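Order of writing sets the chain letters: A, B, C, D, E and F. Residues in each chain are counted from 1.
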C-alpha cells in the first residue's frame, strides 16, 4: 500500500474529491495547512504597518491506496487540481506497511 | 521506529490518550482533520438551499514508537476507539528512518 | 527524497522558516497541531471547575528534500527552534518514493 | 375674568405652540441611536455572518462606508431633496447643508436637527440593505458609486413622494415607517443588482454556506431591538402611538419567526436558527408600513402572512428562478414591504372588529379605495426603482470597467482583494 | 379669586390626571428596548459562549424561540392572567388579546400598550434564563413545550402574586424588579430541570469548557447595560426613583464582579474573566428585588454579599452535589434572587443611617415584619416553582417520548441534530 | 390682576424651579446606558479584536475590571473630588459615598443620582481607553493599580478643572464632552505607559496583527451609537442642543471615516476596514470637545481634519518613532482630543458664516482669546498627565516588582498566564 499526499489549492478540494470518487477511491483524510513555496504570500497593512504573510492557505489530502492504483490516483488529482498557476501544489508518495480498520480489525487492502 | 497514524472519532480522543498513557506511550501529536469514507456526511439546509457536507470531522493521531511496540499500540487504540459504528476510522503504519529531539539533539529510540 | 517532519513551538515558526530559506529550502507545508509529551498541559478553571488541558499547541512542519540535504535541514531546524526548555519538539525523517509538481507534472527532485 | 381664564387655559399650550416637546425629543434622540444601531453593527453583522469567511470584512466595510457616504449626502442635499418643499416628485435645495436650520429650528414637536438625523438613519440603512444582493463579488469602487447614486436617484425621490409631501402622500398612501420607502426600494434594488451582476461562482453547486451563524443571530437581535426605534420612533412622539407601533412590531416579528421555523419543521423536518431569524426580519419588514395604523390582532395576521409568503418566495427565487440575490434581500425585504404595504391598506380599517386599525389615509373612505392607493404606490415604486437601478448599474459598470471582480479575485475573496485584510487570525 | 387661583394651581395636575406622562413614556419605551436587548442578543450570547461549539446554535435558537413564544402567549392571555383583576392567585381573561386596550388606554402614567410590552420583556427573559439548566442535551420540542408550559403555570401566577395585586402584594412583599418573580422562579426551574434531565455525558470527567468566552463577555456587557432598563424601568417613571434604581444596580454589579474575581484570586491564584462576569450577574440579580428600595451604601453591601454567597453556592452545587445545572442558573440567579429578596427586607429600612433605604412595604413597620413577609414570598415561590416544574417536566417527557436526546445525538451536538446547521465554518 | 397674571405666567417655571425636568431625565437615563455601552462591550471589543488571540481575554478582563473599580472609586470619593465644591484644583469629600444625596436631590434639571451615574460612565471609559497603550504585556495587578491610581490622580483633578468649576472652567475653556478631560488624558496616559513598559516582543519584526477584525468592527459600531449618548447626553437636556450635538458628532464621524479610508486608498492602493473604523474614532474623539459649540458645516471640517491629522500621527509614532502604543491610543484619542479642543476654539465663533458656532466660553470675546485659553488647557493637561502617569508607573512598578510579565509569559499570552483561560475553543 502507498500513501499519496497531495497539497492543493483549497477551492479545488470539491473537484478533486468528486474526481477521486469517480475512479472509486473510497476514502481520504483532509487537513487545512499553510504552504510555503514558489507562490508568494502577500503583505497586509494594518493602520499603516506592513505585515508579510509568508504562508498561503492550502489543503492537504492523504489517501492510502493499493500500490497498483497509485498512478491512476495521481493522474486524477493532477487533472482535477491543475489551474496552471504557480501554487497548484505537489503530490508525494510514500510507503505504508500496514493498515487496520478500527471497527472490524480488518487488515491490509481490505481495510482501505 | 514506526509511525502509527490513527484516524479516530473526535470524542474518542480522551479515551485513546489515557489508554496510551497507561501502556506508557510518552508522546503523540494530534491534528483535527476532515474525513471521507464509508460514513457519509450530512446535508445542511440554509434558507431552503441544500448543501451537502461530504466530510466528517475526525481526529488524526501520529505516534512514533519503537518497532517492537507497534502491535501493542495498535491494539490499545482499537480497544479505546472502537464504537462498532461506521466511521470508527483507520490505523496506518509506516517507517520512520530517524528521530531527533530538538532540545537535546538525542537521536533514535532515545528521542521518542 | 526524504520527508522531514518537525514538531516545534508555534512562536518559533518564523525563525525556522527564515533559517530554512537561508539554506535555500524552497518549500514546506505547515499545520497547527496539539502535542502530548513530557511538557505538561495546564489546568483551566471555569467557575471553580477544573479542566485539565493535556495538549499543548505545537506547529508541525513537513519538508520534502533531496536525501543529501537531510542533515543540513535538521541542523538548521534544531538551531532555530531550540529554546532548551521541555517541549522544544521532535524531528522525524521518513522516505518519500515519488514527488510530482501538479502544475507541470515534473517528477522527482525537480518537483521539490 | 372669563377671558383671563381662557387665556390661562391656553397658556400651557400656547407656551409650547412653536417650540419643541421635550419628551418627544427625548424619545426620538433614543430612537435615532436605535436605528443607527440597526445598521452598525446590526445589519452589517446579520449579513456578514452569512457570507464565506473570505468575504466577511468586505460586507462589514461596505455597510460601514455606505453609512458614512449616505450621511454626507444627507447633509449636503439629501435631506433637502427629500423633505424640502419642492414639487410632487422631488424636494429642492433650500436646506442644503442645513442652510437656515439651527439648534432652535423646529419640525413638528422636535428640534429640526433631530428630525434631520432621525431621518438620516433611514437613508443609511436603505442602501446598506442592498449589499445583500451583490455580496461576495462586486468591486468596492462600484459598490460606492452604485449605492451613492442609488440613494440620490431612488431613495430621495421615493422618500419625497411618500413622506415629503409628494404625490403619494397626497393620495393618502399609508407607509408608516418605510415598507415602501425603505423595504420595497431596497429589495428591488438588490434583485436588479443580483440579476445584472450575475450569480456567484459556484452558485448551485459549491457550498456557499454561512461562515458564522452566531454573528447573524447577534445581528438579528440588534435588528429586532433597533426596529423598536425604527417603527416606534416613526410616531415622532412619546405616546400611545409609539407604544402601539412598538407592540405590533414586536408581535409581527414573533409571529413571523415562529411561522418560518414551523414551515421548515414541517417541510424539512427541522427548524433552523437561520430560518427563525429570517422569519423575524420578514415579520419586521412586513409590519413596518402598517405599524402605526393597525392593532395587535392584525399584527398577528400580518406576521404570520409574512412568514408564509416570504418563505415561499425565497425558495422561488433561489431554487426555481436561480437568481443569486445572495442574502435574499428581495424575497424578505422586497416581498415583505409589498405585502405589508398592501395589508396596511386592509387592516387600517376601523371596521374589522378585533382586527380593526386606526383609520384610512387622506380622503380614502374604505378598504377598496385605500388598497387602490397602496397598489399604485407599490407598482410605481417597484417600476421606478427597477428601471433606475438597472441603468445606474450599467453606468457604474462603464465607470469602473465592470462592476464585478475577476474570477481569480472572487476565489481569493474580497477581504484580501479589496482591503488587504483578513477577518480572522485565530 | 382664591378659588380661581387654587383651580389654576391644580391645572397642570388635573390636565394630566387620567392621561399619560410623556416623559415617563419616553423612558419606558427605551427601557423596553433595553430589556429585550438583555435577551436578544444579551443573554443568548452570554449562554451560547459557555457551551461547546457543537451546541452553540441550539442555545441561541432556544432563547430566540422562547422569546417569540412568550410574546404570543403574553398577547393571547399571559398579560391578562398576570395583570388582570382576577383573584389573589391569578388574573383573568378580561384582557386576552388586549381586548379593550387601545392606543389611548392608560396604565399609571403610561399608555397601557407600553406597560404591556415592558412587562412582556420580563416574561421573555425569565423562561429564557432556564435554558442554562438543561443546555446541551434537551430535545428542541421538549424545550418549547416545557418553557411555554412553565411560563403559563409558574411565571404568570407568581407575577400576579407579587406585581398583579395578588396575595404577596397584599402582604407588602417587596420585589422591585423581579428578584422573586424572575430570578428565583428561573433559578429553581433550572435546578429542577437539571436534576430531572440528569448530567451531561462526560460531566465531571471530560472537558466541558466554554467554547467562546469573548461571546460570553459580549453578552455580559449587554446584560449590564440592559439591566439599567430592567431595574431603572421598573420605577415606571423618569425621575429620581429610576435614577437611584440604576445607581444601586450599577454599584451592586461592580461590587459583585470585584468580589467574585477577588475570591478566585485568593482561592485559585488567578482572577478570571468568566469569574468577573459571573460576579456581575450575581450582583445584578441580587440587587434586582431591592433596587428601588435601597440606597448606595446598602447596594455596596448587597453586591459584595452576592459575590460571596453565589461564589460558594456555585462550587457547592457543581463540585459537591454534582448537579449539572450546566450554566449555573440556580447558584447565580436563584440564590441571588433569594439573597436579594431577603436583603431588600433589611435595607429598605429607613433607620439604618448611611445604609438606610426608602421604607417598608404595605403595612410592615419594621425589619422583622418585612423579613417575615419576604421569607414567606421566597419559600412559597421556591416550593411552588419546584413542584410545578417537576411535574411539568414529567408530562413533557411523556409527550415527547423523553426530554433528552439520545447518547449518539448528544455526542454529535444539538446544532446538527436539532437544526441541521453548524455555528462556525471559518 | 397684573401681579396675579405675572405670577401665573411664572407658574410653570417656578413650579419646576428646584425640581427636575422629567424629559431631560428620560434622555439622560438613556444616555447613561449608551455611554456604559461604549465601554462594555463597545471599547473592550474594539480593542480585543486588535490583539492576538492569546491576549483577547486579558483585554476584555482589563476593561471590565477597570469599569468596576472606577465605579466604586466614583462612589467612594471620585464624584465628590471631581464635582464637589473644593477649590480651583480639586473638589472635596463632602459628597463621599453620596453623603446627603438622595432620590430627591437635584442637580441642574436632573436628579443628582442621575448626574452621578452619567458622569460615572465617563470616569469608567477614560482609564479603560489607556489599556490600548500597554496591551499584551502588562501584569494584571499592575494594570489595576495603575489605572485606579491614574483615575484618582489624573482624571479627577482634570475633570474638576474643566467641568467641576475649577480654574480652566473659570477661564472659559470649552470642552463640551471631554476632548481634554477624556481623550487628551487617556491618550497621553497611554503614550507614557507605552514608553515606560517598552515595545512588545517582536514589535517591528513579527506579525502582531489583529486576530479578529469582525470583533473590532462590532466594537466600532457600538462606539458610534454610544457616542450619541456621550456627546448628546452632555447637553444634559432633551432639546435642540442635544440634537445638534448628536448631529455634528455623526457628521464628524462619517467625515473622519471616509477621510482615513480615502488616504489609505491613495497611499496604499486599498482602503481597509480597520482604517475606516479608526477614522471614525478619530472623527468622534475630535468632535467631542466641540460638539455642543459648533454647527454642521464646521463638523465636516473637523471630521476631515481629524482623519488627516490622526492618520499621519499614527504613522509617525509607530513607523518613525517606533513607539509601541499598541492600539494607537495617543495618535487617535490624544491627538484627536488636542485637535478638537483647539478647533472648538475657532468654530465656536458666531462670525464664520456657514461655519459659525454657538459662541465663546466665559468672558472670551474672539477667536484669539478663546484659542489662548484652549491652548493653556491643552498644554496644562498634557504636561500634568504625562508627569503624573510617569511617576505612577514607576511607583506601581516598585509595588508589583515590575509592571511587565516576563518574556516566557508574554510568548504564552496573558489569557493563560494571568487568567488561566482561553478565548476560543472552537
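Assume a contact is a pair of C-beta atoms (placed from the backbone, for glycine too) under 8 Å apart; a residue touches a chain by one contact, two chains touch by 3 or more.
These figures come from a predicted structure and were not determined experimentally.
Common neighbours of chain B and chain E (chains touching each): C, D.
For the pairs C-F and A-F, the larger set of C-beta contacts lies at A-F.
By residue number, more than half of the contact pairs of B-E reappear in one of the listed pairs A-F, C-F or B-D, namely C-F. Between the CA-based centres of chain D and chain F the separation comes to 33 Å, rounded to the whole angstrom. Averaged C-alpha coordinates give centres for chain C and chain E that are 52 Å from one another. Look at where the CA atoms of chain B average out and do the same for chain C: the two points lie 18 Å apart.
For chain F, residues that reach two or more other chains under the stated contact definition are 8, 12, 21-23, 26-27, 30, 207, 209-210, 212, 218, 238, 268, 270, 272, 274, 420-422, 424, 426. In chain C, 14, 31, 44-46, 94-95 are the positions where the chain touches two or more neighbouring chains simultaneously. Contact between chains, as defined at the top, is found for A-B, A-C, A-D, A-F, B-C, B-D, B-E, C-E, C-F, D-E, D-F, E-F.
Those residues of chain F lying in contact with chain D across their complex are 1, 5, 8-9, 12, 21-24, 26-27, 30, 34, 52-53, 209-214, 217-218, 220-222, 224-225, 228-229, 232, 237-244, 246-247, 250-251, 253-255, 257-258, 261, 268, 270-274, 276-277, 280, 295-297, 300, 354, 358, 424, 426. Those residues of chain C that touch chain B in the shared complex are 2, 6-8, 31-38, 54-55, 58, 60, 70, 74, 77-78, 81-95. Within the complex, the chain D residues that touch chain A are 206-207, 411, 416, 420-422.
Note for the complex: chain C touches chain E at residues 44-49, 51-53.
Across the complex, chain A is touched by residues 3, 14, 17, 26-31, 64, 94-103, 105, 111-112 of chain C.
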